[in-house]
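Next up: some structures, all given as structure tokens.
Here chain A shows up in two complexes: once beside chain B, once beside chain C.
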Partner chain A sequence: AAVPSQVVPGADPCARQLCFAWGPAEVLVCETLFGRRGGSPSRGTGGPGRASPPGALTGCVAGSGEAGPSTSRLFVVRKDQDIYIQTLRKLFNESHGIFIGLQRSEEELAGKSRKAQLVQVSKNYRSVIRACMEDMHQAAMSARDPALHSQYSTQVSILSAMELIWNLCEILFVEAAGAGPLLLRLLDWVRLHVCDVDNMVREVLSSENPSKHELFWNVVDVFVLQGRMDEARHLLAKEASANPTSVNMYKILDDLMKKMPVPSLGNTQTLTEMELKWQHWHEECQRYLQDGTFASNSHMESICKILLGDEDAILEKKELMTTWYHFLVTQLLYSHPTVKPMELRMDLFLGGESSPEPLDMILMAAFEFEMHQVIKECSIALSNWWFVAHLTDLLDHCKLLQSHNLYFGSNMREFLLLEYASGLFSHHSLWQLGVDYFDHCPEYGRVYLELHIERIPLNTEQKALKVLRICEQRQMHEQVRSICKIMAMKALRNNRLGSALSWSIRAKDAAFATLISDRFLKDYCERGCFSDLDLIDNLGPSMLLSDRLTFLGKYREFHRLYGEKRFSEAAKLLLMLMTAHIAPCSFWMTLLTDALPLLEQKEVVFSAEQTYELMRCLEDLTAGRSDKKKFQDDDIETVKVEMLRLALARNLARVIVKEGTLEGS
Partner chain B sequence: QVSVINTVDTSHEDMIHDAQMDYYGTRLATCSSDRSVKIFDVRNGGQILIADLRGHEGPVWQVAWAHPMYGNILASCSYDRKVIIWKEENGTWEKTYEYTGHDSSVNSVCWAPHDYGLILACGSSDGAISLLSYTGDGQWEVKKITNAHTIGCNAVSWAPAVVPGSLIEQPSGQKPNYIKRFASGGCDNLVKIWKEEEGQWKEEQKLEAHSDWVRDVAWAPSIGLPTSTIASCSQDGRVFIWTCDDASGNSWSPKLLHKFNDVVWHVSWSITANILAVSGGDNKVTLWKESVDGLWACISDVNKGQGGVSAVTEGQQNEQ
Partner chain C sequence: AMEDVCAKFVSQKISKARWRPLPAAALQTPDVFATGSWDNEDNRISIWSVGDLGNVGLGGEYQGEPQLLCDIGHNGDVMDMQFLDQERIVVASSTGTVTVFRHHQNNQTLSASQRWEKAHYHVDQDTPCGGAACTGVICNNSEIVTVGEDGRINLFRVDQKDAVRTIDNADSSTLHAVTFLRTTEILTVNSIGQLKIWDLRQQRNEPSQIFSLTGDRVPLHCVDRHPNQQHIVATGGQDGMLSIWDIRQGTMPVSLLNAHEAEMWEVHFHPSNPDHLFTCSEDGSLWHWDTSTDISEKPSFLHQGGRSTTYFSHNTTNQSVISAWLSNDPTKDRMEITNLIPNQTLSVNSLDILGPCLVYGTDAEAIYVNRQLFA
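Entry: the complex of A and B
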């Protein structure tokens, strides 16, 4: 039915606003128009005091006369897609193992052994990244759908960048070797990651006559730029043998290259010794260059200039280095041994052409030893928290992060781990990994776990038990109780009374246990038998959780005793249930009716005293009845009461005789 | 980056005013000017209509899911002055209770922390706030705070339950002594905090900072710190973050999050209270996070793109 309407003045019918709601993992965004609800201050109508009858939506809401109000669309939106990519699963699972191992590793190891341990952890993380990259690459190759192929390829690039960055951080921060060994590591790093020239190198080396190849000198240059002296000299030898005229020049250059002081890992010389050697060698190169030794061969001359660390000469070979960080490391190689990476100009290579890419920003920050900057840039550039969380944790273990207290009292490491782990909780199985991460966040890990674990859907009993175990292990009592109550309610709704009862016992929920016990008793009254006998028979001390539950347990015990023909015990129990007020009044009639067969046994079961008690119970029960009922002869209840009175009287008679006779003899 | 994983066609015949996920994100409830409340199953990117609930006689403003330990229960409130509580029984959703004690539109409903039992707070344009408590056997007890806000109450939000001595396991059947509190926002430009004392609800605090009607209040979940935090938004375009440092709840101080150019209608906290979502009249939703130095920064805004929700612009995250 059309509602009388009035459009809110000023509201544009075409404009839609967005309503927002948080879900546990996703969020809801819905098109709406806020101005249409409630009253508005400027207008004053629709407020309280005006008892407007429903339907007369005066002055507040635009009705269905508008164009397209029915297309109020609702979107379920989700962040953090990475955890849903199947091929990255290995990354999350395996890095979890490495993370836990690191947290538990011995901190007693000091100095070198600790460092070696940490470097190994770093290498482990990197090998997981590389393994993932392989898988992703395979997936990309076998993907037929171009969009999927594109997605996988992008992932490969991202993983590759992550490995590049991590590797550099490992060299600069985790291993943090002295100048010499550091340089060697950086050279390895460049050789491994700058691969654009590899094809060219292969082509030249595998040709019949390498020295005649047009790209020959390019390859020699590559070797020199990457500090691969032996390989460079080997190629030069080929050229020398092909060109006898340049033999002298070659010999000198070869000698210079051979004599270049390079740090070796087993080096025992001090930095001062190294510096002296280098100075000496540098001067020798300088002399040959200035003498014009290489003047007739521009290639060899440029190599000599490179050896001397001539910035322009190195820059000339830009295309062979392809990246600014290659350039940086080459410069480092041919600079004075004490020069550090951050003292070199990184922007020379890039010139003024383009602004640096995010990857460049990150690497630059690393070379400048600005760890916090690296973390910040990575957080911005990467779409998930995995990388920064694990890297930062490792750096923290290296004792490299200043405990820079963040505003809310936690620190950077914990902040990132909390973000990462929170993200895991939106995944149906990865959430289990998240638990361990929260465990290792001393400040807020526990409360974050409490808040997140409550939102895990308890679809199956198995899952509920899994979640429960996690909560119990951590003494999260509130959550344990909550989960048990939820499961009890679910079971009750599905009429699984036994399951509901055991869950409420586990939850120590007396009220619920009473409710379910009542249902059991009701069922019994209707069907004449109990369900879930096993459970009720084995309640044990948990029977005491609620009075009704105790009654249920005892009542069942009564039936068992009767079934085993242990009549006098059964009788005693039955009576006790009433006299101790364990049985609810509403059940007394049933209990007394249950007494009938006992009263009519051949052997007398109830003693005189017990019979008097029963009679009293019966009178208590009937006394409460309204007078009206007493006059209805046809009432079944009245008949029952009469039968009981008769049976009790008869029993009393028999028992008096029996007891009297015994006394007599 | 965000992605739309599901576009739900609710088939509501008029504007939707509220949509809420249940506790586990498996179901979604919507309510509309078409007077109906709908419930959908949205597992695995699907959308199956589970219930189309009729009972209101006017636009329905809000819906709220109760804690799953009480079963599948949903509350709705409407311009028709009614609050209806719906329950799923034997696989079907039915009205389980209807409250008609307000004289005007009921604007907001909010369930109390499950630790207190099943209690619903309702705020109405008649200026009163009602508290409906389930006492068992289908019975509900009502407590009313009349004249909570002059002209009208627009929003109610409960404080998280803080269990005193939570490290010690409570003996069964014994209820810990909770101090129940909730916040309300009204047309008197005030945010008020209410506390239950000896079974009566008393006004504990009056928070003044807004210069126009308060449209929404949201009490942040607790992460164990002694501080309490409340967000409020208003017709005056401002969003304030109120914090109280001491446990007794005496001194609240506001911090202006931002002044928007238009009315701000809704504020809501993420589960771990580290992000605040703000829905404004300027047609977008902005997400705010507290940075390491205590300043609030906008981390992204959710906009409407051509024909759908566009990708979020990833703003700077102020970490140090």
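Entry: the complex of A and C
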């Protein structure tokens, strides 16, 4: 996308052929042997997903494997570097809450209160940036390692620039106040962000006698340039009391400053009224300047010129403004009301011939109301998607971006949110935040979520449950099945049949439940006893998930009845398992063998009718089998069949006698 | 009230939060708690102070946010955590290892003082990655009981190298949590909706009693026992349902209460005021259940951002001990329920209450402390 070209350290396309695999938030770069040494192409294995070792993902670029002449190296290149900065996690988490709040607030309010709400959201975002900046500053202060210190300091300045841009966008686009109040907001913005002179102001104000301080007039100028009239007048009053001779001159200037018309925040005056007052005041200043009232004091004369919006006079104080945007706002304030940024002599601030800094370009674009340019420049300049994604989303909620559609993907808001959320998903821990962002991307969010969620490593059942909950809440049936299957397979490999079964029950995966049931039955056949009775005895309604599971449950019930010596119930159930075809054919011989001890009981258990049915089952089984193939272990099988036949015949004889006797009596 | 809650973003997802116990007969309120993280590349155990440290404002209200006292790395996700005493914390890891950490209060450091490697494991303990997550741990004096994904129950005694008792394959499904019922008996809950009592004096490797949810066997994730009336047990399930059991009778819960919309991760009776109960959930909510108010005197009861509660009663046998939790008089089958988190987003994984203080931790990487719960 908009990320400038980056150099992957260590990867040298001249020495080795490189190949690429594009992931959602990462690029896999691997060195190949293709075209060299005449060998066959060697391919990098594993993707940036679940298969790759987590160790290879640390940092922006990581090489893996030992450096040998024949081993190829593997690089994982990430798109969103800032995601991995520990201190910024606070920013990501806290702003996530604000983002969700904004999406939920969906337009219940109209007009003014809606705007107030959006401004509040914007302020909340900024306060998170500021809090993060504060933390980063603390970290920089306490960092002993100089490299670390400078890294933190860089982050502080980036965060500070982000807040500066956001604040300006808030004033110009979100709040979009009318001409008068807009100017007041811009002045606040300048005061908040041009902090270079704050130390000087503090020094002068805290000195014993401020008016004697060598920087006294500088501070007065700073106040005037920033439109802080009351503070400037307060300082001047001190100076005036120290100079009784020129008290009149001070009084006049003080009066001018007091009378300066200030745009009101309320709707109490119309723009025309304001214009009129302004013109009147402007003429008054002009008069005093021309009649030489301030001629004896160059400081006061220059202040008067500033009040008149004299560009040269303002530019003389260039050092006190430090930035072109301060100059712009001051010029706006005093040359009221029409000034265009491009007409300002900003080259004086931008350091001569060199091209302007990205920050300047962004702010300039904002002043020209080029919203898309602001977003574009920010995307290029910043090493994160957080800023553009959240700002664009906010502007979209202000209904400022509706008309703009990209020629790829969906709209810009969604595009940027998808990029940001993909970055979150590439992070081992922040992926949970990404889910909610995808949820609010109507076009592609779902597809992205489906692709990303499958790559989350499931190292504990607890984590799997969390991922599963995300999928279930969104009816992502395919992913639910896949997660449960992965977990069931894991459990099966660990010989945890009970866990495996409960995972497949959760996914309602009948096929897998059948597979596990077969494992239980196989274990039973081999060992002659059931494992995991606590589970099998308590299957409840989930028994109905698969026929085999039903059989397992019922078969276990037969054993319980037998164990409790409830023989006739046991016999009935056993027969039913075969006649109702609940038992798989492969298991019939086992069931018939289980019937043997019942046939040998002192008391007759099977009725005549039941005995005939057992016989038919046995004959069906042997007939069906001998047709197809010869038994492998013929001998044992033949003996078993013979034993069964004998037992059945004897039982039949006994039961006929018994039933005959009963009838006769 | 919400304004008494202070939050701190800690740049790690919090899986457990526990108050340090107070010395017996102490009058002060708790001021130190421990947290554990999960799903990080390097997980940590951290000790926090909400001590007054000169931060008490006028009227004695508490103002500052939690301050980190010390922390230490932990191998694997922190699955569960319990204070053994004032200084030692037992931590269960997703690697199957159980570690005892000691908090040195004189120089504010943490160190691992004892470790049972792979107390829980699959198939073969000696294979390099055969560990199975240890999902629950509970302490009683010097005895430590752990349960895990391997369905195993271990009884350790602190300062003893080997397990005192191990029940292999105690449960064929995953054991999610454990608590002491009495000194020699424990309660476990598992992933097929069962509550089991184990008597550790008996050599039989089987539970002495099994209780079970009816209908769908919804997994149970947490369990707590009433501090005074030991027959009353509360559990929380995957569907967010709170179940109250009377282990003297029946095999089914006495009541099922609709609460959360997703997994209930923890349930705690207030240790000294057990008419109050607290639950937290994957859905990002934390509920306070209050049975202390006599509802019949009030025309209606208030919900703060919560939804109304349905109540099913399953058992109508006579009750000798009158407890609000087992009450089944339909006119009184109500309790005041308050959701303590209005704008919920991500999961609240853990909570702990002691005296008037509540602490909880979330997947949104924040810890919250409320020191005036009943104000």
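As a working rule, the second predicted complex is superposed on the first by the 537 of 665 C-alpha atoms of A that agree within 3 Å, B and C clash if a C-alpha of one lies under 4 Å from a C-alpha of the other, contacts with A are read in each partner's own complex, and residues count from 1 in each chain.
Here is the rule we use: a residue touches a chain if its C-beta (ideal position, glycine included) is under 8 Å from a C-beta of that chain, and two chains touch if they have at least 3 such contacts.
This is a predicted model, so every value here is computed, not measured.
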item: First (chain B), second (chain C), both or neither touched by A:Gly498; value: second
item: First (chain B), second (chain C), both or neither touched by A:Ile306; value: neither
item: Touched partner set for A:Ser429, first chain B, second chain C, both or neither; value: second
item: Contacts of A:Leu621 with chain B and chain C, given as first, second, both or neither; value: neither
item: First (chain B), second (chain C), both or neither touched by A:Lys485; value: first
item: Touching partner for A:Thr460 - first (chain B), second (chain C), both, neither; value: second
item: Touched partner set for A:Val77, first chain B, second chain C, both or neither; value: first
item: Partner chain in contact with A:Phe20 - chain B first, chain C second, else both or neither; value: first
item: Partner chain in contact with A:Cys378 - chain B first, chain C second, else both or neither; value: neither
item: Residue contacts on chain A - larger count, chain B or chain C; value: B
item: Contact residues common to both interfaces of chain A (with chain B and with chain C); value: 54
item: Complex contact set, residues of chain A against chain B; value: 15-39, 41, 46-52, 54-55, 57, 60-61, 63-64, 69-70, 72-79, 81, 372, 375-376, 379-380, 383, 404, 406-409, 412, 415, 418, 422, 444, 446-448, 451-452, 454-457, 477-478, 482, 485-486, 488-489, 493, 508, 510-511, 545-546
item: Touch list for chain B against partner chain A, complex; value: 1-21, 23-26, 28, 30, 32-34, 42, 45, 57-59, 61, 67-72, 79-81, 88-90, 103-105, 107, 114-115, 124-127, 136, 151-152, 154, 163, 166, 169, 172-173, 187, 212-213, 221-225, 235, 263, 265-266, 268-272, 277, 279-281, 283-285, 290-294, 302, 304, 308-309, 314, 316-317, 319-320
item: Contact footprint of chain C on chain A as seen in their complex; value: 54, 58, 86-87, 89-90, 93-94, 96-97, 100-101, 428-429, 432-433, 436, 459-463, 465-466, 469, 473, 494-499, 502, 505, 531-535, 538-542
item: Residues of chain C defined as touching chain A within the complex; value: 9, 11-13, 38-41, 77, 79, 94, 122-123, 132-133, 135, 149-151, 169, 171-174, 191-192, 194, 207, 210, 212, 214-217, 219, 238, 262-263, 282, 343, 345-347, 363-366
